[in-house]
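Each chain carries a letter (A, B, C and D) given by its place in the written order, and its residues are counted from 1.
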Amino acid sequence: MMIGTPSTPKVTPELQRKREAFYAELPEFNMRPLWAILKDAMTPEPTTQAVPYLWKWKDVRPRMYKAAELVSAEEAERRVLMLLNPGMEKPGATSTLFAGVQMILPHEIARTHHHTPNAIRFVIEGSRAYTTVNGERSLMEKGDFLTTPIWAWHDHGNDADVPMLWLDGLDMPFVQSVDAMFFEYYPELTQPLRREVDDSIRRYGSNLLPAFERPIGEGLYSPVLNYRWKDARASLEAAKGDQGSPYDGVIFEYTNPYTGGPSLPTMSSCLQLVRKGEHTKAHRHVSSAVYHVAEGRGYSIIRGERFDWEESDTFVVPAWSWHEHASAGDDAVLYSFNDRPILKPFGLEREQAHPKGRQE
Amino acid sequence: MMIGTPSTPKVTPELQRKREAFYAELPEFNMRPLWAILKDAMTPEPTTQAVPYLWKWKDVRPRMYKAAELVSAEEAERRVLMLLNPGMEKPGATSTLFAGVQMILPHEIARTHHHTPNAIRFVIEGSRAYTTVNGERSLMEKGDFLTTPIWAWHDHGNDADVPMLWLDGLDMPFVQSVDAMFFEYYPELTQPLRREVDDSIRRYGSNLLPAFERPIGEGLYSPVLNYRWKDARASLEAAKGDQGSPYDGVIFEYTNPYTGGPSLPTMSSCLQLVRKGEHTKAHRHVSSAVYHVAEGRGYSIIRGERFDWEESDTFVVPAWSWHEHASAGDDAVLYSFNDRPILKPFGLEREQAHPKGRQE
Amino acid sequence: MMIGTPSTPKVTPELQRKREAFYAELPEFNMRPLWAILKDAMTPEPTTQAVPYLWKWKDVRPRMYKAAELVSAEEAERRVLMLLNPGMEKPGATSTLFAGVQMILPHEIARTHHHTPNAIRFVIEGSRAYTTVNGERSLMEKGDFLTTPIWAWHDHGNDADVPMLWLDGLDMPFVQSVDAMFFEYYPELTQPLRREVDDSIRRYGSNLLPAFERPIGEGLYSPVLNYRWKDARASLEAAKGDQGSPYDGVIFEYTNPYTGGPSLPTMSSCLQLVRKGEHTKAHRHVSSAVYHVAEGRGYSIIRGERFDWEESDTFVVPAWSWHEHASAGDDAVLYSFNDRPILKPFGLEREQAHPKGRQE
Amino acid sequence: MMIGTPSTPKVTPELQRKREAFYAELPEFNMRPLWAILKDAMTPEPTTQAVPYLWKWKDVRPRMYKAAELVSAEEAERRVLMLLNPGMEKPGATSTLFAGVQMILPHEIARTHHHTPNAIRFVIEGSRAYTTVNGERSLMEKGDFLTTPIWAWHDHGNDADVPMLWLDGLDMPFVQSVDAMFFEYYPELTQPLRREVDDSIRRYGSNLLPAFERPIGEGLYSPVLNYRWKDARASLEAAKGDQGSPYDGVIFEYTNPYTGGPSLPTMSSCLQLVRKGEHTKAHRHVSSAVYHVAEGRGYSIIRGERFDWEESDTFVVPAWSWHEHASAGDDAVLYSFNDRPILKPFGLEREQAHPKGRQE
């Protein structure tokens, strides 16, 4: 039996013709040679479409207000302007993470629904608008971090007299990529309130857990609806004197009290202090992140490019991109969410220190 | 080969003599027939030496003060009166748990040491005496729950002008039974302070965890030194309207924020509300517990016997003992610590509801 | 301050003009209204591009042999024909899984490399070709299941006198979607052999584990290189009399002896018996799978369409697709790999029984 | 208020009288000063009652046969001669572990019961007697290691024509110390067989696990009833060329395929090769162990004392005792079971290398 040869044949014109005929026939059988695409499929390092980018709040805010003039919440279901990574075809801030800014006007209601993507909220502006998640309502303030876990019924509303604006973060691109999207409307505009306002802060806010009930959601996500800015900011302050990480300084993760892990199963949210005069070392990691400036001013150098930021700006660090942070003036505080929990169970996270300490 | 017979031989006088001769010879070889003791070794149900018992605070307190007159902290190393289970030979409150009351006078210092047994403290009386654990000091108030984890350097002192008394709980009987006791003095009377007072409450008190450092003790125990009474009490209040457990009502566990598990690896500490008019159903479980009355009055029925309790009394529920709790007058609050974490990894915990709902 | 209105405005021509102007300006700022795409982004159920499909071995095999005539392993790096899902734009069998058929001729060597995607091999044809993974070589036989874990150096070769063909399965689409692709050549054509042939079967094949070394790869993946057909087939036979799952009958998972979990961190591989006369009930789940017929004949009904299969055929069940299996003639055996481990840590797996038991 | 003094009072005769009066009164209230016993309770290092000891098979075996002459299995329930640590008051080989030798004659049956202590069996002599555990029977051969997990129904019998003798190991002292002993007879002499002989070896013996059923016992213990000598011995042989541990050489743990952990929740069983000419370094650890010589000859030095051993001898290494092993003549194989799983969840295990490498 002649079955070919392990050594490379001389590519004669005849062989070339045979190959072309062979390749031409394969699609009919839904087959294709791997060797034709191997170099594109298996790259030495991640080649993400996402690029570093910064959205200035002074650009975003007026457009959000403009949207409020032109489109009602009722019409929009959610009045969200997406922050789209300019390098990507699919909507998202990074390959796995979605970011947007949401606005809710006094007396508006964003109707109740649930979906498999998890969501975070980080409040940018306003006071005492509410979100209701699984029957518990929380009145939000600037700097609060809120979770809307997988498949949790949620609606938003505003009984105060000023609009509220917040950063929305979702794992939607990831959930879509693994074909796990489910979405459903609640039969009514709003869900009934089954718990007191801020019940979860009082229950789960002091390192005690109810022993008379199973963990909510079997412990998959945090039962805490709202992590208050004043408490989170105080945790940073308590550790201000620590050396911290060379790359992120004093950085805390918002955690799930059932497990000590991230607040949501797919996204880790963090709050970090870039201290006055601090300029961190550069590193890169496979996980990507969306940053939001919660306080102060400074700049980040990402893939060699400098991005100056001030309060309420939002920027992205794509996968495997060198980055470093510096404050300008006083202490700065960065909120961020990242996809590390998606990578970690599979050993796919990697981190590398910049060989020169910092870029340039 | 004649090697004996599976059927029971008739016990003739001669056989009896042979047996006695045989049994008499075995000790020389450090052997003994199991069948002679099998019924004592393998009992249908646990047969603990521990009995239910209650120590009245009005008995304990004056003796604690008397001890303070007669013995210095310096002499005593720790001025602790043990609460000894009357049924047991070895010192302890239950087979696995030790309980005592400790007192520290103004200007006293209990010198620094560490040991493999874990310890809990629950403050009964006094204000602003301190404990220092692994370089962090906490000023204690009535109702505060404090942890002293395995091998953590600790000392106590009192810079206030009133004595402080607290309940001490240790897993000492368990640690002894598995031959794991280690103990060491610190080279100095007191250890240096490496952290701010109450640092751990500010760091770990709000469902955030430092992301720039490995978990203290690799997460084996809680990094929280002091769980404040006012916060713990508020958690109970938040859930007051819940149905709660039929046996324990509204009960919370003090947890380790790294894992959501018990605050210490061997002992679970809980705080529970026995609401006005509440009388729980009876159950029993393998785990044993020491209870301390943090607030209010009531009674517990344990193995059919009624124990009336009031604030600062301490009582024990031994393993596999029916028990139920009732308040008298207003809401009552019970603190307790138990050995469930010792049983759980091995599948040794069992729980049984009383067939009649309550004991008679 | 006039900031818009919560009620839906009447869409006058003027409002329409304003809206269009507003939308036109947004791309400049890399923003876009979510409400324009919400229905596409958040679908009630997963809307995967992947479709059910079956590749007949009688179509695949001659083309594989043809490829061997026309392209050397040296040229191709790996002589793999991809099995491409006809519904998908990106190369893959399902949204997360890649499948291909690889062939290696006598005396060929497929050079050493490693990559972050994990790979499985299931041997279709041939005898005693080898794969070398992290310094251990295994001689393969039909029906053997082999693992090539994340970042493990691997090469293949054939010192026997017949070609070998196997099914290749990789998590490549998933790894690409989370930007975690790394790839590297070994500096030499082949890696040195550091262990005896089949060392891992002898070490880890009997429910013992070395206690003198840390788990390989920290336990992330199985240390077993080759799960022998005869052993796996015998496990099925042992449980043949069991009722099994209503949807999958007697199905076993190839496991990681360090954890009891799947053999690879992202992909679970299974072997199942479709017994003579058995026709399973229909269900669907979010996880997708590639099936390969290891033995016998039968058919599967997927999304209402019947796919008849016989030995060495390969077919896919996309995410959230109703499916059921039936044997034709004697017992049949299906090998499959799926992406359940990717979904499970995030609570994204769901399963649903067909309301009528089976599709019609 | 005069409440005593932090400085040590001069112990005048009057103070001494007062102290004595005080101490005399305390027992009435079930209290006692900790300071009177602190040094005994909290020792710098573990002070186990257990001592190193070796039982020679040539002493044990004839007495076991003598017992068979004098006592029927029916009478004895189990014909077990306990191996009692000469230093201990309570029956046991170490503080947590029980050891005994069991003998079952042709045609005997040891009736069915279950209990919370876990048991191991290691076969010393005989062929094809059986044990039945949870409805599965296994025919035993010399060197086989068998598990009888917590609360599993089990009986033994012997349909062969030679007696069988095996080592019994139980965690009975531990289970007793935590008050968790439960014991129950099966209503009949023997339980029904619900599975084929050696079913668990065929199901779980090849690194596959049934995916259609929940783990037996929720995965708390291994589903494998019998770990065959020939397979375990082959695993040692496969790693013979490895360096191994400096203290234990090439040592394997019998594992639970559901978790990769120990075969039983409380006891880890190991098989180790003491290679020809090997003499390990000395170390000590908190865990205690019972060793049994499965093959060959050699000696161990334990707490400075040399114990020469040969096939079928049994010896103990108590907690925190220096020990090292050496072969004499050819390769030797030691089976052992230890209590490490009891210590590990609580961080109580410690290990220390001997400062001089070996004892002198």
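General observations
Assume a contact is a pair of C-beta atoms (placed from the backbone, for glycine too) under 8 Å apart; a residue touches a chain by one contact, two chains touch by 3 or more.
Computed from a predicted model, the values in this text were never measured in an experiment.
With contact taken as defined at the outset, there is no chain that touches subunit B as well as subunit D.
Of all the chains, the one whose CA centre sits at the greatest distance from that of subunit B is C. The distance from the centre of subunit B to the centre of subunit C, with each centre set as the mean of the Cα atoms, comes to 51 Å. If you average the Cα atoms of subunit A and of subunit C, the two centres end up 28 Å apart.
Averaged C-alpha coordinates give centres for subunit C and subunit D that are 43 Å from one another.
Taken chain by chain, the contacts form a single closed ring in which each chain touches exactly two others. All chain pairs that touch, listed by label, are A-B, A-C, B-D, C-D.
Those residues of subunit B whose C-beta lies close enough to touch subunit A in the complex are 196, 199, 202-213, 215, 219, 222, 224, 227-228, 231-232, 234-235, 237-239, 242, 244-245, 248-260, 263, 270-271. Residue ranges on subunit B touching subunit D, taken from their complex, read 3-9, 15, 18-19, 22, 25-26, 29-35, 37-38, 41-48, 50, 53, 55, 59-60, 63, 65-86, 91, 94-96, 100, 105-109, 115-117, 150-151, 163, 172, 174-184, 217-218, 220, 265-266, 286, 288, 318-320, 339, 341-343, 345-350.
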